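Each of the next two complexes has chain A plus one other chain: chain B in the first, chain C in the second.
Now for the complex of A and B:
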């Protein structure tokens, strides 16, 4: 094994283990957040308090696509999307802070808000 | 770049193979439904080309695959993410290519995957104007390493079996 190859192997190994550990750490963090932001194109469109929000669906239009965001029973998820891959719909319910629901075509992000003060 | 008819045909053939793999992979249900996470089987061809063709020829194959692939998939908006990822991935793999012995091609592919995911994230941050996407980095890198090792191993077998001389 030559030196550059060893360096490449060490780098790849570190990235693999590091990202794995980081992922696990995020997974096991206690999840009590209830304040959710719906962000499009860098702007917060809606802030939803899952603890008090009534069940409803919000249709959000974008330049090329659209999304139907649904709040039901204290959970939020992407119910429908106007794109062919439907990845955001398959992601299911928003659960983790480190895994926001993202719709790339519509530049839409559903995520837990950074500050969790419920007013 | 001097492109003979024979060379052009070879590159076209590889591009077609990559596109077929790409389209077949579209039909496989997502293992992990997270944007940007996929096996990327078409990159078997990319890694193979990195070790068997000239850099500019490999770039040509990848460029054609991305343009045609995003049209076949019906999602033109994906072009920018794929292109940013592929560009970084290619630069990374070509930079380390000369240090990689035949038995370590899979490692080169892992490195390519790491670069690819980094490019994707950067593109997403710019296009979506939000830094939230950063939280995707660990998931993308972790799954990317596994996918990269797999596609790289496939390419490694291909390179070993198709005993074609490297570009003259």
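Now for the complex of A and C:
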């Protein structure tokens, strides 16, 4: 192998290893964060990282209803809702990527930010 | 070969690859509220999202056609026609015809004329309560889907009856969304209409779609995953819309035998098949039929696969889908076959 070709090969090897390390680091970064979106009528109001978020409740008003979203102990759930059927409250804690917590009257959705499975 | 010859070829290949990538299908997705549910649509296409816009427009049009509460919809006009013949769209006629077909195939377990009884329970307004027995008995006298007249696109409904297409509309809508995507040239799409899932083709990487199936005993979790392509996966369960009164649970899937929530041994019915409409109608019908009749229905008619969960914690899976289902629940899977 002549010198210029060897230099190109070495550079390509470095780029390959470097990008591999970057992807690996990104993988572990993504595993650490548990990102959840609170979305109202298609607009993301909050993005919450359940891995680091402090316990708190957020009251969200809508035209016809309201919701109280609570983060507690690394989990998120709809604590209260202003509608009569309470379907979103009964959903309990957000656990599955394919099972968002949905409040129809308030057009509010709590979902994992990166969904791989559907349902 | 020297690097002087390799380098131009490599640059050319890189340019070509970059150029080619621009014509690769891109992911377009949206979520929206329609038909009293939350819908998520995702398609891989080369059309700048035009097919996604067309699908959203089709959903809005179908809601305006089928809704029982929107003035001027086909169903509102039929229900308020006081017995007079009513001209409806091809879509509405098709759904009523399918409702009659599945009604017949299920011994009347699916009956779209139960709507006044559903109203009496408050499931249509969200203000649910247990109605008086006398109220249910009086309303059940007006429930009989065989009295719905359908001649071409003309519907005639006795004056004291009302219908709704809630058990079929979402399944047909997902069929239509998938049709729009397919006709636009897309080869990969997935839609979830309030948990009713339908797929076009496989994932863009060629692998099958993984569809989570809700655990009816713990509805925020999945009891397993079924792998599909080009199919619909539609579930009816007693956990979807319900209320509790005096410690008793009451759900929205009603049995016309007594006007009460259908309680024939099943808590969840998942139907897997090629047609969203067929799967949607069957999931309600088989839930009402109950365990034994649902299994007999499948053994007699076939054409679909199913997962049943019984109230005593059995998980029954038909043989055609058993290999594609990964059971994550504590329930042992029992495979049922054509015998």
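Here is the rule we use: the second predicted complex is superposed on the first by the 81 of 119 C-alpha atoms of A that agree within 3 Å, B and C clash if a C-alpha of one lies under 4 Å from a C-alpha of the other, contacts with A are read in each partner's own complex, and residues count from 1 in each chain.
Operating definition for what follows: contacts are C-beta pairs under 8 Å (C-beta built on N, C-alpha and C of every residue); 3 or more make two chains touch, one makes a residue touch a chain.
All of these numbers come straight from a predicted model, not from anything done at the bench.
Applying the stated contact rule after C-alpha superposition, one finds that A:64 touches chain B and leaves chain C untouched.
Contacts of A:84 after superposition: both chain B and chain C are touched. In the superposition on chain A, contact of A:54 is made with neither chain B nor chain C. Using the contact criterion defined above for the overlaid structures, shared-chain residue A:93 touches chain C, although it does not reach chain B.
Using the contact criterion defined above for the overlaid structures, shared-chain residue A:107 touches chain B and also reaches chain C.
Once the two complexes are overlaid on chain A, the chain A residues touched by chain B in the first and by chain C in the second are 2, 4-5, 8, 39, 41-42, 83-85, 87, 90-92, 97-100, 102, 104-105, 107, 109.
Put simply, chain A touches chain B in their complex at residues 2, 4-5, 8-9, 11-12, 15-16, 18-20, 22-23, 26, 39, 41-42, 64-65, 83-85, 87-88, 90-92, 97-100, 102-105, 107, 109, 111.
On the side of chain B, the complex with chain A involves touching residues 30, 33-35, 73-75, 77-78, 81, 96, 99-101, 104, 107-108, 110-111, 114, 124, 127-130, 132-133, 135-142, 145. Contact residues of chain A toward chain C in the complex are 2, 4-5, 8, 39, 41-42, 83-85, 87, 90-102, 104-105, 107, 109, 116-119.
Interface residues of chain C, counted against chain A in their complex, comprise 2-3, 6, 30-33, 36-38, 40, 125-128, 190, 192, 195, 197, 209-214, 219-222, 225, 233, 241-243.
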